[in-house]
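Each structure below appears as C-alpha cells.
Here chain A shows up in two complexes: once beside chain B, once beside chain C.
Up next, the complex of A and B:
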C-alpha cells in the first residue's frame, strides 16, 4: 500500500537523494559551528513559511500579499499563551497554528470576494490592522518592543535542541504539504488557478476551494511562526509588517513559483545572501535589490524553475536521440 | 462618547483641520501613485522611496542655500531631482517591463525600493535630519481661540493648488488627454500613431514629481529618517484603492478619509489612533469592493 501511494509521485532516485539529505541534516549539528546550525534552522523556518505561501500564490494563483500576518499571528499566539497563561506548554504549541488558521478564515472570508490586486489590497489593509494593534497595544502585546525571553520547555531550548525540533516539524509539514498538493483538493486548486471559469462550469465551488487553500496556508504559516518563537525566543511587530510579507513572496519568486521545492531554495538563497553579504557590508539590501531586479529581468521563472526547465529540455533531447 | 466632555467643539474642529492638512500631503503622494497606476498599470512600491528621497533632497537644499529662500527653492528643486531620477529609471528599466504581469512589476518595484533605500543610506547617512520652515510659516494662528500651526494652514492651501494643477494637466492638456485615453485602451492609442511610450514616461515622471513634492512638503513637519518610506507607501496604496484605482479624485476622497479618521482616532483613543484609518479602509472595501469612485481598471 505504502509503495502504491508513492508510485508515480516521487522518482526512486529523488527519494534516495531526499533520504540522504535528511541523514546529513540529522548529523549536521555535530559537525559544524553553532552559528551555521542556527542559520540552517532559520532557513528551515522561512522555507516552511515560503512554501505555505506558495500553496496559495504559486498553486492557487491568489494574490496573497500579506502572508506574514499569519506567521506573526502564530508567533504572537504561542508567545502570549506561553507568557500570559498557565496552560501546559504543548497545548500552547499546538493551539497557535489553529489561531493562525482562524485568522486565515476571518481574513480569507473578507478577501475572497475580490480578486487580483483588490484581493491583495484588502488583505494588506486587514493585515496592517493586526500590525497596528500589536504595535500599539503595549499592555497586551508589548507594543513595538515585542515580547522577549519567552520561556521554552527544556526539550526545545538551546540551538541544537531547537534545530532538531524544527527539522522534525519541518519535514512533517513538507510531507503534509506535498500530499495536500497531490490530493484532489490540490489539483482542483491548480485547475482553478488556470481556468476558474471552466472550473465553475463543471461544478467546482472555486471560491470555497480557494478559501480552504488560504486556511491551510495560514495554518502552516502559523506552524512556521511557532518554530520562529522556538528558535528566537521572542516576537516583535515586524513579524506582522508588510515588508516581511513581500520578502516571503520574493523567496517564492527567487526559487520559482510553480515548483514544489522552489520556495525552499528561494528562502535558503535569500537568508544566506543576507547573512554572508551582511558580514561584509551594511548595504546588503542594495545588493539583494540588484540581484532581484536582474532576476526579474532575465529569469522570471525563478532559479529552481529555470533549472527544471533546462533538465526537462535535456531529457527531451536525450529521448529524441534514443528514438 | 466622552469626546464632548474632554473636547469642546472648537477643539474637535481644530483636530479635524489638522487631519485635513495631513490629508493634503497624503493626497499629493497618492495622486502621483494613482496616476502611475492608472496610466502605466504599474503598482509602484518605490513611490514611497521617492517620497523619502524628496524629503532628504529638501534637507540638502535647505542646508546648502539656507534661510527662507532655501525652503521655497527646496519645494521646487527636490521634486525636480526626484523627477529626474524617475526619468532615468523609466527610460532605463520600466519601459522594458510594461508587458509583464502585475505581480512581477510589483516585485520589481520592491527591488527598486530596496535599492533606493540603501542609496539614501549611502548618501545621507543614518542620522535624523530636520528642516525648519521659514518664519512666515512658523508659529501658530489663532482659530476659534485656539492655536493652529501656520504650516498646516499652508498645507491646506497648497493641497488644492496641486489638485487643480493635476486636473488641468489631465483634462486640459493634450498629453494629459492622451494619457487618459491610454489608460483605457493603450493598444488603440498606439494604433492611432501616438508614441505611447513617451506618454507613459511623462505620466510616470509627473507622478514621481508629486511623490518628491510630498516629501519636500512633509520635511518641516517631522524628522526625516530612513524607513519613512515603509509606512507612507502602504497608506498611499490603501488610499488609492479605496478611492478607485487610477482615479485622481478618488485619491482625494481616500486621503480625506484617511486623514480625518486618523484625527478622529486621536480624539477617541490616542493610543490606537493609527488603527482607525486601516479600519476605515476595511469597512469601505467591504461595502464598496472596487473603491468609492470609478476605477479605470
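Up next, the complex of A and C:
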C-alpha cells in the first residue's frame, strides 16, 4: 500500500483514513444536494488558500498579513487571460499561479527587508495598491464590478464538474505542500522560524530562504485563485481586499497553525459556521466572534492542534502501559 | 589561522570592543577571558559576522572576512555556539543537527526529497560523538539546560568546522556538568582536529584547558600569551585580583 516515497512519513492507519475520506468525497456529488457540493468545493478552495498561507505563517514564522492578494492576483490573472486573450484555456489555467508567484517575488523582495510587524505593514500597503488597481481600473479589470461570466471549458463547468476538478487539484497541491514541508527546504524554513540568528550561524541565507517560502506560498495561493474562478465564474476586487487575508489568517489560528492539517479544519469550520448560522441570522459574525474568542481561550493551539496533542498523549499512555 | 587586528566596535557612544587583538594558530585551543562586559561576546559576534566592525581587520586563513554576513563566514569553516541558549526549540534533537548538516552540504533549498532520509549517518555520527544519540527524537525545547548546551555544540559541529568558537559553553552548568562538558570539548577538538576559541568564566578551567589565553578589559586586549605568561602579567593581576 505504501509507496516508497511515503515510507515512514505517514502512518498506515492515517493513510487508510485518508483514502477512505477521498473515496467518500468522490461519490459525494451523487448523494447530497448541489448546494452542499458547492459548499464543500468552496471549503476546498479556502482550505488550499489557508494552507498555502500557513506554509509561511505557521512554518515560516513570517507575518504574512496580506496573503489574499496572491489569491486575488491568481484569480484575476486567469480571468483576464481567459477573457482578453485567445490563448488555449489550459495555458491560462497553468500560467495564473506563476503570475501569482511573480507577485510574491516582487512583494516579497520588498517586504523581506523588514521584520515582524513592519513586514506585515508594508505587505498590507503593497497589497492595497494591487487592490486599488483592480478596483479603479475599469477599462482593464472591470473596476468594482469585477469580471463576470468567464467562459469555462465544458470539462470544468457546472457544480459537479468543477467540484471534481477542484478536488483533484486540491489533493495534488496538498501532497506537494506536504512534501515541501518535509523536504530540507521545509525543515530549514522551520529552523529559521524557531531561531533566525542561529540559522544564519549554520550557513543559511535566511532572508533568501524566506523569500523562496513566500514565492512558493504565493504560487499555491494562485492555484486557489484559479480554483475560485472555476467554481464561481467571476472575479471581483474583494478577492484582493485585506479582510479576506484576515479571514484566512483566522482559519490558520482556528485550526492550529503549527499543524499541517489545521488550516484545512479552520477553513471548514469558518465557512460552515458562516453558512449555517448565516441562514438563521444576519448577525453571524457576532456568533463567529464569540466562538473564536472561546476557542482562543480554551484551545490556544487550535482545534486540530488540540486533537493532535490529545492523540499524542493517549499514544504515549498506551506505549507506557505496554512497557 | 585567525587574526584579529585593532578591532573596534561601538554601540552608540559605548565602545564595546576598543582595540582587540588576537591570533589563533591552527590546532590551538585559545581562551578569551575578562570581567563581565569586557567585550568577549561582542568580539565573537564580530568574528562570526553577527556584528560589523567599525574599524580593524579580521582575517581567516589569510582572507579578509571582516563585515561578511554570518552565513558566508560559516561556509568558510567557522562555526559557533552561543552564550545564551540558541537552538531550534520546536524541532527534534535530530532535526536541530540535521538542519546544520543539510546547510553544510548545500541541500537547504532542496524541495523534492524527504529530509528524513537525508544525511542520516552524518547527523547520527555527530549526535553519537556528543552522547545525544539516544535522545535524538525528543523535542529540543523540552531538554534540560545542560543537554541544550551540549546540543548547541552539536549544531555547530554539523557544519564540519575547522574553527570552532564556543561562547561560554558551560554557562549555567553545575560543577559536575562543567567538568564533563569541558572533557567532551577537549576530546572533540583532538578527535576532529579542530581549532578552538572559547571564553569561560571559570578561571581554573581556562588555565587547565587553553594553550594560549587572551585577556580583555573594557574592550581592549591587555595581554595575550601562554597561561604562565598571562598569570605573570601585572595588568592581568590587577584586573583580576584587584578587581575581583
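The definition used in the following text is that the second predicted complex is superposed on the first by the 319 of 323 C-alpha atoms of A that agree within 3 Å, B and C clash if a C-alpha of one lies under 4 Å from a C-alpha of the other, contacts with A are read in each partner's own complex, and residues count from 1 in each chain.
Rule of thumb we're sticking to: a residue touches a chain if its C-beta (ideal position, glycine included) is under 8 Å from a C-beta of that chain, and two chains touch if they have at least 3 such contacts.
Since we're looking at a predicted model, the values are computed, not measured.
In the superposed model, A:180 lies in contact with chain C only, and not with chain B. By the touch criterion defined above, A:199 lies against chain C but remains apart from chain B after alignment on the C-alpha atoms of chain A.
When the shared chain is aligned, chain B comes close enough to touch A:124, but chain C does not.
Within the superposed three-chain model, A:88 lies out of touch with both chain B and chain C [touch as defined at top]. Which of chain B and chain C touches more residues of chain A: that partner is B.
In the superposition on chain A, A:158 contacts neither chain B nor chain C. Within the complex, the chain C residues that touch chain A are 48, 50, 69-71, 74-75, 79-80, 82, 86-91, 95-96, 98-100, 102-104, 107-118, 155-156, 158-159.
Across the interface of their complex, chain B is touched by residues 63, 110, 113-114, 116-118, 121-122, 124-126, 128-129, 132-133, 135-138, 241-243, 246, 249-250, 253, 282-283, 285-286, 288-290, 292-293, 296-297, 300 of chain A.
Within the complex, the chain B residues that touch chain A are 43, 45, 93, 96-97, 100, 102-104, 107-108, 110-115, 117-119, 121-122, 230, 234, 237-238, 241, 245, 271-272, 274-275, 278-279, 281-282, 285-286, 289-290, 297. On the side of chain A, the complex with chain C involves touching residues 5, 8-9, 179-180, 182-188, 190-191, 193-195, 197-206, 209, 212, 216, 258.
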